[in-house]
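First chain written, first letter: the chains are A, B, C and D, and each begins at residue 1.
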């Protein structure tokens, strides 16, 4: 499955890019699986996701928990807790 | 004791005047006494104060209950419950 | 802390700029504007006339504002109340509060309105389109709104 | 119902006039303006830069505003959130609510701010006067503020 990954705020800074297109292995079922897979891609990813509990995620522009399935995902975003307002 | 009486809103309209100076008999001790005394002055007063429980009062520009003593009063005002804002 | 009773309309941006302009320590500004509605108890209104008790009005508004400043960490506050004859859509009252924290600004503005409505000596008379005129009755709901602040009163 | 994300400053009076001008059925208008403070954790700030997630931001703000309109009888509502680099004293966010009743206007504005702060994908980075830059941490108090609306959720 081909998806667009988006990174914001310090997640973006740590990874060193704002977006990328990736082909997800069929073995990845949930957002948590995807995070684990990304961490194995290199030290920048590993560092950005070092504390996965502080990472928030969205699938197709809707907030989801890390237990959410990846089914139907076209755009997946990772970011710190929001601080607007 | 000489005091200024002020009337507002429909109390003013029913009495037909906005203010007057009166010499209070020493027998009047409280605001309630004053209301009873005013009612005896004529039908307009009697009508304005016909339901004393809906009349609010102030002595020297401070809200008081009708049980409040008249001691020290220079300006006494009568009006309906306020409706600003 | 500022309190004004006036016949002239007020301008929201100008009043907020006067109060907070040039300051960089404020985090939250809440404004409340009360406006004349065109309908009252099913009757169309032509206008509303506000009478007040000069002297006592300013004294009460100042007391209410001082009370809010004791309860919340306000950096600035303003109450403007108009008197005279107003048309539907016109502003009657403006309350502005500024604080480092948003909840303090919200609560203080709400408190000022609740107190103002039950304490400040203003009276509204409505003139209906059919020519009839009536003094507005005080609403019990305003006393209920006021009572919620009593529980948090420190003594 | 209007939602806008913009880099330009907003004008309070102009936005309120756009939203409510010419209407005579409104009784209460509440505005909330959040501004950049000059100090953060004891450090003097030079500026604050806001990043957001285009597309999702507008979607979340629209959801939040629709939710408020279900909960309260709003006649008009507006959310403007700025992005880009802002200086101390500048407005970051503007929320406006209009209702026949003052408490509805107050509650809806407060609700919009609480939801916006915990749901809308914005991130603040502070640039201190000494040149250091730091992403602002989310505050637990914002989650607490949000939780109070859950008790009144109808299901």
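Going forward, contacts are C-beta pairs under 8 Å (C-beta built on N, C-alpha and C of every residue); 3 or more make two chains touch, one makes a residue touch a chain.
Because the structure is predicted, anything quoted here is derived from the model rather than measured.
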Each chain counted as touching chain B and chain C at once: none
Chain connectivity with chain D absent, coordinates unchanged: A | B, C
Centroid comparison with chain D (C-alpha atoms), farthest chain: B
Intercentroid distance (Cα basis), chain C paired with chain A, Å: 49
Separation of mean Cα positions, chain D and chain A [Å, integer]: 26
Separation of mean Cα positions, chain D and chain C [Å, integer]: 23
Junction residues of chain B - those touching two or more other chains: 85
Set of chain C residues in contact with two or more other chains: 34, 102, 113
Chain D residues within the chain C interface of the complex: 11-14, 16, 20, 22-39, 88-89, 100, 102-103, 105-106, 109-110, 113, 145
Chain A residues within the chain D interface of the complex: 6, 8-10, 58, 61-63, 77, 79-85
Chain D residues within the chain A interface of the complex: 34, 50-53, 55-56, 59-60, 81, 92-93, 113, 116-125, 135-138
